[in-house]
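Paired with subunit B in one complex and with subunit C in the other, subunit A is shared by the two complexes that follow.
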Partner chain A sequence: MGVGILASRAIRPASRLLRSQPSNLFLRTIVSKPELQSPEAAAVSQPEPPKNQILPPRNPVGGARVHFTNPEDAIEVFVDGYAVKVPKGFTVLQACEVAGVDIPRFCYHSRLSIAGNCRMCLVEVEKSPKPVASCAMPALPGMKIKTDTPIAKKAREGVMEFLLMNHPLDCPICDQGGECDLQDQSMAFGSDRGRFTEMKRSVVDKNLGPLVKTVMTRCIQCTRCVRFASEVAGVQDLGMLGRGSGEEIGTYVEKLMTSELSGNVIDICPVGALTSKPFAFKARNWELKGTETIDVSDAVGSNIRVDSRGPEVMRIIPRLNEDINEEWISDKTRFSYDGLKRQRLSDPMIRDSDGRFKAVSWRDALAVVGDIIHQVKSDEIVGIAGQLSDAESMMVLKDFVNRMGSDNVWCEGTAVGVDADLRYSYLMNSSISGLENADLFLLVGTQPRVEAAMVNARICKTVRASNAKVAYIGPPADFNYDCKHLGTGPDTLKEIAEGRHPFCSALKNAKNPAIIVGAGLFNRTDKDAILSAVESIAQANNVVRPDWNGLNYLLLYAAQAAALDLGLIQQSAKALESAKFVYLMGADDVDVDKIPKDAFVVYQGHHGDKAVYRANVILPASAFTEKEGTYENTEGFTQQTVPAVPTVGDARDDWKIVRALSEVSGVNLPYNSIEGVRSRIKSVAPNLVHTDEREPAAFGPSLKPECKETMSTTPFKPVVENFYMTNAITRASKIMAQCSAVLLKK
Partner chain B sequence: EEKKRFSIQRLNKHQMAAPFTLRKIGVPPNSANLTEARRRVFDFFRAACRSIPTIMDIYNLQDVVAPSQLRFTISAQIRNNAHVTDPKVIDLLLFKGMEELTDIVDHAKQRHHIIGQYVVGEGLVQNTGSKDQGKSDFLKNFYTSNYF
Partner chain C sequence: MLGRLAAKRLLEIRQVFRQSPSQASRSFSTALNYHLDSPDNKPDLPWEFSEANKSKVKEILSYYPSNYKQSAVIPLLDLAQQQHGGWLPVSAMNAVAKVIEVAPIRVYEVATFYSMFNRAKVGKYHLLVCGTTPCMIRGSRDIESALLDHLGVKRGEVTKDGLFSVGEMECMGCCVNAPMITVADYSNGSEGYTYNYFEDVTPEKVVEIVEKLRKGEKPPSFNGLRVAYPHGTQNPKRIKCGPEGGNKTLLGEPKPPQFRDLDAC
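After this line comes the complex of A and B, so read on.
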């Protein structure tokens, strides 16, 4: 404003200017120096930095660690005068990251292939005629890289100007405002004024499904989503159509993004072109409080950040964890949060004589349950923990039921005969990140795509990176990588175990074979035979070695690993049929018809799902976003959830309810605080107390006795029919209902 | 002295128009020693108990409480401060008690205030003790809220 007005003022009354120039302080002459005219001239006039300057030490960007695969092969480059050692194949951008310099970029992503089409990462390299795209240029020994010279800055300003030319003025209505790469980088690296006076182009929006909202006018054609979909998700849904300013990202045919990792394009897109449809227009990112916690929708335990505003969860974002979920989460994890607001149990209820539920106070509800539990015999008491239960509540439940004299307490998903003596028999022994080292996968009775989407993403990454082969035994299913279908049932498994199948040669030649067995097989009657066949395959092909353990079991529920570690196993098959008092702690997958008609059922949970309709007393508990609970994932990694929002209504934490019930029933449990429960857990399963640590199984298959049973011929059935509706929270979620109606392959 | 002893006056319908100007807050300050303070405490208690029928009439507490229960509550609140020995402090407490009593008799409070502060609810002596006497801190906290 100032210079323009001064300039116009200077033009008009010329005579006044000539007279008053020396004494008028508000006018000044406009001067320009050669350094300000062009970047090359500015570079020439800059003073040389003094040689042998002691530079302050620098840390890599984000506190990252640099892994030298071959320490002899390290090369030295100079970034802004600072010498830094990098491994041989590093690009200039990665070398600058090691040196602590964060170079702006739009199309480059550390987990995707290099595109080099945004040109924002241009830096000046000595002895190079023009600035180089640092994301694509390999770092050569002795290279001198300069990132803050006028040429580099002018390049960035120019790129930003081009990007903003066709970008709509949508910031007030764009969901990405406040967390937009374009906004941040234009503030940091862009010029302060634009020169664009023509018409902007606009692009028609594409329909990608009920999860991803597209406003393609905002797209800057960085192709991150295209590369993500084809590389990480394994589906070639998206592509770039057209050329030049008419380029559009879309599915060429009218196709929806049905992949289970489709929500991650929302995080990847640097602008507001792809945003979350359920979260559209709901909140701005600065009014949300982020809580770092763990997801419990499957047994992977992906690290998430729950963004909440007050008592409401607004959205769920992934957190970086290199070992488990890298930077991705599945759609179920990301979008099932709106189920936390529907069908919530908030008051204790007792079923009246006319069959309807009546809300009562905690005193009355616990008094009623405490009375009834003393009227039944000890072995008629049954406790079932649900798939979302945390380790503390399962410990207190087991202690309580045991003190009442009964041994019938188990977690749903573990059928009769599953023994938890040896941990290797129910954990993912090669760890999820260790699956990257495998070169042959044999999937037995499991569909990782729907059971544990992050494990599937890891297999896809391995297949892509090192050309690993995958073969599976089970019902025919869609996989997003090439795999061979060997058979549908135990017959194929027997053939491989006896060495008659052609696949055995591939198994023998593989250096690191991995066998993944699904936990759905634990529910079969011939489970022992099948598992011993798998172990004989493992033994014959050197799958279990000191340096590589490839025998993996993929669990289905978040609570299963901790339940098996704590000893919640089903001892007798008749326990449920002869029960008179059934305590369901969030257990909705229990077959309600099996519970006798005269049994007294107490349901403790957070959603009014299936089992509530059979209950006689309802005790409201807190969901995983509202409590601090310990969960163990399928590889044995213990993690803790953190409360992000307050509990709903009069609900209490699960372990507190069972502890209060035990006190009302006259059983004195020796703890009354969470530390007490944890010290009790420490004496049973100490690995559950060491959070953020993985405890591998101590013994291998050599200790198991021989199995005499025979396998039946029923083929393996899929365990998860509907990926989007597997637990109480997802069944109550409207977004999941939309997804299962629209996105499932029929 | 007569005026001082029966210092609470029931307002008739004419005086109701100007309720807060006619009342007399009858406890003068400056008791000389502990004995005089004690005497004033008992006078206050008597005045309060004598105004119980008026209170039950004003706020329609006939089916809610018995007069003996209200007497018990008043005496419990006085007994709460039984450990005080300084006459000046006793005078101040009496002043506050008298102020409260005057407010109640003047219908400056409402029924729910009386019920909540003197009949039912936590913190009142008759309520603590019957249900939760033998229970542990854990259970008491559990019944109150989830966060403890």
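After this line comes the complex of A and C, so read on.
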């Protein structure tokens, strides 16, 4: 009993004189109507809908498309009187989604297995004695599903009341406020008052690492995180411990979530139990402006939404793209945004005679560079594009360097002799979503978990769904699915190519074998021999066919595919050693020691990372969240980034800097706007202009000439040493530093 | 006046928090739902089934299909608990997880779900008092407080000599002979493990049982060793679950069914 009612009872005698006043001034009486007593009474009081009503046509929820695997197997169900055709095997909830009715749910997630423990999705089905959990009940032909009847509504109110019973009153301090499923669904489907007067239970917070903040008291035990960790991420770390109202989600022993997909539990958790630790208490979601753009931390090109408040990127959230990253992004993509605020280059700088950098104006910096570039011989000019460069800037760089008479322009990560003639030899030919159809994977020299986490998630999904087998050649690594380690180096590959290895029989029997070769192998001296061995394996086992091309190459950097399409390849190995003018466009992984001491180095980039220290002139450029750039991912899908925040200081877009430099150097390039650059790209690599389209490779391996070289016996080395620190932005990020200190497996 | 009402309400709230010792923490499991390292309970301490138990493990696994080894988790955890003196350290749960080839968290989930899996130390003789309604109205609360007072521990704690601990159990089916306690004997590992009911106890009788156990007189084992005191009902006037003074009903042959010829089957 609240103090208020006691107080009102105490006050009443004093107000005897005022008894004429209506009593509802002091006492809040709850007036009950027959409709509120039972759902049957409510049904009686509602007017009957007129029969034979022409119902308006409905579209599936969220504009989804319904895919009928077997059109003859479609069944018809009635949702709120509206007939829909759904494929056999759809659940009632999915059938309602096709009919345009969004049923509230907490534990159901379309990409996870069905749990059915939240009971929020209860709907009324005719001839069923109880409301039915629509997420678990298969839709049967002729079923009449009713989602807006008093029984369904009462069920929802009841479930919501139960869920809120033990839920703490944390909304003001909870990060999920504003985007909380519990808040939204209680406003839409819950009642306005509760009847719980006992003590609420509380739960100890668990330590899951520097990325995921846990306030387990808010947990509603939907088990989405448990199912995500064991199914999608492949690590069985989380579980539901205890029983009844004392259930806790945890790892039992103190274990940090080291999986590279651990940040996705933040999106999945419907309440504020699992939230982003770096983003804790920073902003509310309604203050943020979301910009839909592309991630460049690896070659996958995951679709993201950059949430920014003013000039600052506050967080990064995944966007749905069924073909590439589904609804997930890796931790590196999600949490490296704070590197965008540190170590930024904001003004053009020139190194003085005493070795220190001095900030100058753009005019002076460009004049100096334009001057020096004419003092060196043409073949002593080298241009290197970095791993985060967009296609426009690489096109302009190549044009500029070529017009200065040099052919030495390449992208990081492509060693001498990488063949860019045939596109199939550096793309993921089966496409990332096509990997789901494979039943056997052979990973050669690639650790997809650290190189391209979303490709790894796709392999994990395939292994889980269709029991595909995975075999791996390379250094010992950890996989989150069962993987057979065949060997560590080229000798195993030779054995398979010659048919001597026991694995060959598995390859022959597989219907859709997929071979994934890592781009780290491109840097080896015996690369041609290895790649031709791979191709001979592909040919011997029918890997490349008209209906299935399983020969895949997994690139490492976001810029690599576009660079190879545009022709930025390294022609001669000695180009860097004999260079006198080196133009580094964001290239930090270049071996700075190889650059001669008397070479003039221009560094154009956004972070003061590694190569800046060797530079003579620094030209500040904008990062991927600040410019509009075209990136092609490892499967050949072209996407564009969109500027979300303004750039820092006096920095400019990469291509504009090179264009201005060309003007100052006298080799005026024939375009002045980004459309001009794009039409130039169109003449070189037209697929880079068709954004949001995948251009598969036109020719297959049969065109390649035979290779006569022999393979060396050095085993394959891991390419990515530290998953959390692979490019300039991640190396500048504090969160990534914390992760690599704490979460990496020692 | 509102102040008085507020103070009265505050007192009521305080009373909810201040509970009497015998009613303290009416929780059934002996530990928390998360693990805290202690010197004898750490994940890196090695633990494996004893040689004798390894063959029992094989036998248990043979009861289940070979691709569903995880169904054996409960009997294996029970065996591990008996071997380790009545409780399961984290390393034992990890060892069971390796045997049934699942991730350790799945074993932790099972072990935390069931309250009979003790994840904290218990005494060599773990005394469990039934606290469900039939026993309660026959005085199980008194039995429990008698035990706790005599042993000088709280529920879930172990006595200083490591011999006894007291816990509460759900109904064990002896409602006719209420109140009752169970003695789980972990003093001999998994070979000497017994689980015996002592029914129709009184607070004095239960103290007597405890003292007998302390002296080393074992409760009977499953193959019926003759010992000084029997398990089952402690009321000498009753035979099993019959009333004092012998049965008053079911004295003769029951009437046969009218129409069915039982001998025909």
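The working rule: the second predicted complex is superposed on the first by the 708 of 746 C-alpha atoms of A that agree within 3 Å, B and C clash if a C-alpha of one lies under 4 Å from a C-alpha of the other, contacts with A are read in each partner's own complex, and residues count from 1 in each chain.
To be clear about the criterion, a residue touches a chain if its C-beta (ideal position, glycine included) is under 8 Å from a C-beta of that chain, and two chains touch if they have at least 3 such contacts.
Everything quoted here is computed from the prediction, not taken from an experiment.
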Worksheet item: With subunit A superposed, do subunit B and subunit C clash or fit?
Response: fit
Worksheet entry | Touching partner for A:D181 - first (subunit B), second (subunit C), both, neither | neither
Item to complete: From the overlay on chain A, compute the angle at subunit A's CA centre subtended by subunit B and subunit C, rounding to the nearest 10 degrees.
Response: 130
Worksheet item: Touching A:Y252 in the superposition: subunit B (first), subunit C (second), both, neither?
Response: second
Practice prompt. Check whether A:V204 is in contact with subunit B, with subunit C, with both or with neither, and answer first, second, both or neither.
Written response: second
Worksheet entry | subunit C versus subunit B, contacts on subunit A by residue | C
Practice prompt. Scan A:G242 for contacts with subunit B and subunit C and give back first, second, both or neither.
Written response: second
Discussion item. Taking the superposition on A as described, I'd like to know which of subunit B and subunit C A:D379 touches: first, second, both or neither.
Written reply: neither
Discussion item. By the touch definition at the top of the document, which applies to A:E327: first (subunit B), second (subunit C), both, or neither?
Written reply: neither
Practice prompt. Kindly classify A:R652 by the partners it touches after superposition: subunit B alone (first), subunit C alone (second), both, or neither?
Written response: first
Worksheet item: In whole Å, what is the nearest CA distance you get between subunit B and subunit C after the fit?
Response: 54
Worksheet, complete the sentence: The residues of subunit A that touch subunit C in their complex are 3, 6-7, 10, 199, 204, 206, 230, 236-243, 246-248, 250-254
Discussion item. Applying the document's contact rule, which stretches of subunit A touch subunit B when the two form their complex?
Written reply: 361-363, 622, 647, 651-653, 656, 659-660, 663-664, 672
Worksheet item: Can you name the residues of subunit B that touch subunit A in the complex?
Response: 131, 135-139, 142-143, 146
Worksheet, complete the sentence: subunit A partner, complex, touching residues on subunit C are 1-2, 5-6, 9, 16, 27, 29, 32-35, 43, 90, 102-106, 108-109, 112-113
